[in-house]
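Once you scroll down, you'll see the structures, which are given as structure tokens.
In the two complexes below, chain A is the common chain; its partner is chain B in one and chain C in the other.
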Partner chain A sequence: MKRRTFLGGAMAVAVFGQGSSAFAQQPPIKIGMSMPQTGGLAGGGKASLLGIEIWRDDVNAKGGLLGRKVELVVYDDKSSASETPAIYAKLVDVDKVDLLFAPYATVPTAPIMPFVKQRGLLLMGNFSFQVNSKVGHDMWFNNAPWGPADSWAASFLDLAQKAGGKNMALLTADQEFAQNLAVTARDVAKKRNIPIVFDQVYPPNTVEFSSIIRALKAAKPDIVYVASYPPDSAGILRAVNEIGIGDSVKIFGGGMVGLQFAAVMSNLGSLLNGVVNYNTWLPEKSMYFDGTKEFFDKYTKRAIEAKVDPLGYYLAPFGYAMGQMIEAAVNSTKSLDQKGIAKYLRENEHKTIVGPIAFSADGERKETATLQAQFRGVKDKDIEQFRSSGKQVILFPDKLKTGELITPFEAARN
Partner chain B sequence: MFSMDLLLGAVLLGVLLGCFYAAVSVGLSVSFGLLDVPHVAHPAFLVMASYGVYQLNESYDIDPLLAGLAITPLFFLFGLLAYRVYHETFEKRGSDAAVRGIAFFFGIAFIIEVLIILQFGVDQRSVSATYIGKAWRFGEMRIPIRQLVAFAVALALTVLLAVYLSKTFMGRAIRAVAQDEEALRLMGANPVRIKQFAFGIATAVLGIAGALLIIVAPVEPTLDRAYIGRTFCVVVMAGLGSISGTLIAAIILGVAESIVLTLFGASWAPAISFAMLLGVLAVRPQGLLGR
Partner chain C sequence: MNKRSHSIAFWAGVAVFLIAVLTMTQIVRNEYPFFAGYVILQFIALAVAWSILGGYAGYVNFGTNAFFGVGVYTAVALFKATGAPLMLQIAAGAVVGMTLGFGVGLLTLRMRGIFFSIATIALAIIIETFVMNWRFVGGAAGIQIQRPPVMAPFDSYVKMLFFVQALLAVTAVSIARYIQNSRIGRGLQALRDDELAAECTGVPTLKLKLVACMISGGLISAAGAPAAMYLQYADPSSAFNLSYSVSALAMALIGGTAHWIGPVLGAILLGSTQQLLAVTISSEVNVLVLGIMLVLFVVGAPKGIIGLLRPRYRLRAGGKP
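The block that comes next holds the complex of A and B.
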């Protein structure tokens, strides 16, 4: 223990010694968070953290916040919901951080919501889905582009109906996130009088999807909405390729998790062609805002050293944007008062590298900016191809659109 | 949504899937069924073999099946070593070896998982071969060629192992040690060496089975957990130690799973498999072809 204290002291001296004179007078502003760096969510967590770190370095290079250096205090939550309550209590009570960022994803975030509400703390959300819907905390702001809960299914069904889709098949994983999507998809379909001709929930250990795809094909659906998890997405697409899905299908995809990550995309290669799926950021011309290109230049370099997702489209720029929003709020309110920052975030539109962000009362986006994009002309085993535009053409939302849906699905596969 | 066409398709795909299940279970039928080793790390060995096949396919572009064959001798040696460690540290030391053995093999399984993550990361891996991703047209039906390959290889593997155990001297010695270890000892044979050899065979088979696993679907480090239930279910339903029983039980399970997936709904599939196991055990406690 003595040795640790000594080492800690020595490191602190080294850090302060190194710091520029601009930061020498005042203690740093500490931003605390947990982040999945091991376990199932680690791939996403590491990319997200790298995005936040790039923001930290950029803001410090500009002189910090309120003239103080920004420091991140980060713990690994091992992708587990049971770790985060203790970590956030420590961040607040022991580390005495000034501001809190949430960990990546729904599962580790959900259990800290009651804590931040009870303590009246600001929490910047990081890609969780509907964690504030029951808690109702008015100091929660999610960086994800989801928007209203049903917009995800609604945007996919908009495209499907425009393409002439009249009935729907639903294939979903028996897992919380996929089931949330399925519930909203059933609701939206009901409101629009779209009959559901096939509705199957498959268990997490399903090995072989040929039988399921045969049954789905026999139902002759126009629209196929799939909410799957990474291990199954590959199995489903492979079976679709082999068994075929029928000429009736106008559009296929919607909520397939995993198809946003470089390793999975490169693994699936040409099997992806024709699939319409959700995404958050893509290298299409409509997605470049002030600073976006500079961010990815830095990310690409640092991702190689950090051994994280080489593309980093899905999470990293939103980590950076989360920092940008805090930066704007602190600079405008000229304080670290969390109520004041929350008020500023709620009442203004924020310029970020992922486009303008405005929040509704529940702390989610006022309007959805979740993309629906179609894979086109993808070759096998080539990560670099995904850096060029045209491989994932944006079909929704209208203001970011870069092309039209190719339909039916079989025609889009070539 | 019932149609004869769908049912026939489901049965056919089920037989193919069943033979694949037989291939991944047959090693366990020897190690657990014949040798009474509580080998819960069997699926972890299997996944490790898949990663070996992946490495050879990725680096040298070797066909997955040939790669599986190539790692078979290594897995034989690995099996010899694993059994020796288990025997020295657990089996030799008394009657509750099986219970403590489970902990030992669980530990091994976790270590293998972690080693795979350290070496290959958490992402899914798959192999490429000419027969992956294509289908064979049979009238209106399309059958994935990878499943036909898995079917043929699995069938050959199971038949070969059954013949080996019933016709060769060593094979009969393995069956003898399963029946009465003490009698074998009185005959002057060393049952431990025979068991070690048998465990080596059971592990060697996983080289090929691992190749089939990664041909049928992509693998990830924790995939072994999905196979613990299935492989033990097949082996117990077959009747412990029966190789032909393993093939029959696996086909029954594959067909049942496929019919349920096609006609009744995917969420019922795992429940049906285990319900069938319970049903068989209620009527025939020794399993389908048990001793």
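The block that comes next holds the complex of A and C.
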């Protein structure tokens, strides 16, 4: 990692030579984090890191923070929870970093929550899900657009009920994230008196879904809520394509991980059509804010060299936004005092390239900005098509909406 | 040196080590060495415990992660249900690990060699699936744990865990050393070389295998039990991670399995290399470095470090690996 940090720094200095003399007098501001660079979460981790690195280069080009250069100290946590406690202890006690960012995803983040709480440290969260709900740390701020725990299922069921859905089928992977979604989906369904006619939890690494999809089809549900991981998301859509899902289904999707990544999307191609799924950022006109376009111009160029997701919609802009929030907080409070920064982050709304962000008391978004979008007119084997608008029409939230739901699912598949 | 002075030297070494660890927890203020040191000590305990069955008896157990995860989740379940203190969690982990070891020991009645190894992998998957569906301990989503206040004379929980793990490592080493020098060790060596011949000459093979499985399993689970408090979080995919099996096996093989010091050396070498690489190279390259190290040792030093250091162990380690 040191080499990359060095190269990034060298590039910034070379391009923006005038800034370097000012940096020379003061030590850099160090931001420490672990990031999954090997293991199951590495694909997302690397894209997220690239977003953060682009922010670092931008902020250094502007003269750094408080006139000091920003430096990232990054270690690989191998996507594992057992690596992060030692890494964060080193970041804090040995490297003496000034600020901490969390690694991408819930599992590597969970073990460091009690640590930062005990030490009274600010932690900027990176796409973990409800990791602070039991710890209750008041200096935690998650960059992900999730919002309140039940908003995910609630927004999908809103769309489904508007389309006339009266009963639901649940298909979920037996893994951490999917089970979190399933629990909230069952709760919301119960509150709204939506009967669950099919509730199947399948083991991770399932590849063959035809029998499950047949059983699901036989239950004749109106709403099909799927919470799955990348390999199974592909398997489920293939099985649906072969067997069909029946005319009763008004809406299909919800929490399928993988359909946000360029490789999976181009691989599935037209099988995606009609699926309504969550997302975080999409190239629709309502999603462009100050600096969004410039960010993606830089990302697209650097993604090739860094060998990460060529689209980078899902994580990278939020890594950049995390930096932007820190930048605003440090510049406003004119200090690196973590309590002051936390107070600023809690009390203000922050302008970022992914839109305005405001936090509630638990450090999650006040309002959900998790998109529900429907795939339309997707062709096979073409990554570039996903760069144009209209391929994933935003249905939720209302203020970002760019179209209406096409229903039933079978009609939307064509 | 005769046997008696060997013993005196060993116990003196143990005492010096434990005093050094305790002093370190009182003097050093920076917490990082304890976080990293804990992991290395944990691997010493795992590698030594593994080699009791895998090295002395020659039954290659790929299910270290099953025993480790059982230790973790025994501690989690006990802590959540009763708020039991750390020592009780470890003791319970050891008991459950021994019970599981007894079951695995019975497997050896019918399975040997590669079939035994595959059965132990299956065991890990079965237990992981069970834990994934056990909502009380968090199921697939994992569970966050709040540590209780730390006990005197330690000023931080991690320092205490470091000392506790040092005790566990010393326990594992002492037991391994005892077994190696006792009738049990000689019996295990005999059954490793030729189980049928050993049985014919009156070695109680089943009894020995059960004892080895139970001790090995109990020690691995005991070493895993404090991990719940170390991470303050437990999830099935981390607790039952196959890397525990691979690391324990690799450490024992790199160090050499003919003598208790082998796995200790292997664990120190590989464990500290892993910790060091994680914070220096920190990318895909560190996985590659470990891979190359393993290949080099398998090719260049099939009897491990102790085989290189003291040629006489090559003779004693003869027979099947």
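We adopt the following convention: the second predicted complex is superposed on the first by the 395 of 414 C-alpha atoms of A that agree within 3 Å, B and C clash if a C-alpha of one lies under 4 Å from a C-alpha of the other, contacts with A are read in each partner's own complex, and residues count from 1 in each chain.
Heads up, the rule we're going with is that a residue touches a chain if its C-beta (ideal position, glycine included) is under 8 Å from a C-beta of that chain, and two chains touch if they have at least 3 such contacts.
What you see is a predicted model, and the numbers here were worked out from it, not measured in a lab.
In the superposed pair of complexes, A:L336 makes contact with neither chain B nor chain C. Of the two partner chains placed by superposition, A:I196 touches none, neither chain B nor chain C. Once the two complexes are laid over each other on the shared chain, residue contacts for A:A306 go to neither chain B nor chain C.
With both structures placed on the common chain, the touch criterion links A:L66 to neither chain B nor chain C. Of the two partner chains, chain B is the only one touched by A:A263; chain C is not.
After overlaying the two complexes on the shared chain, residue contacts for A:I383 are found with neither chain B nor chain C. When the two structures are aligned on the shared chain, A:D174 is found in touch with chain B and with chain C.
By the touch criterion stated above, A:S210 is placed in contact with chain B alone, chain C being left untouched. Overlap of the chain B and chain C interfaces on chain A: residues 174, 203. Put simply, chain B touches chain A in their complex at residues 1, 3, 5-6, 9-10, 13-14, 17, 121-126, 128, 133-135, 142, 144-147, 216-218, 220, 223, 226, 229, 257-258, 261-263, 265-267, 269-270. Those residues of chain C whose C-beta lies close enough to touch chain A in the complex are 30-32, 34-36, 38-39, 129, 132-133, 139-142, 144, 146-147, 158, 227, 230-233, 235, 237-238, 241, 243, 275, 278-284, 286-287. Listing the residues of chain A that touch chain B in their complex gives 40, 42-43, 174, 198, 200-208, 210-212, 214-215, 218-219, 230-231, 234-235, 238-239, 241-244, 261, 263-264, 267, 271, 380-381. Contact residues on chain A toward chain C in their complex (touch as defined above): 1-2, 37-38, 74-76, 78, 80-83, 85-87, 89-90, 93-94, 107, 110-111, 113-115, 131, 134-135, 174-180, 203.
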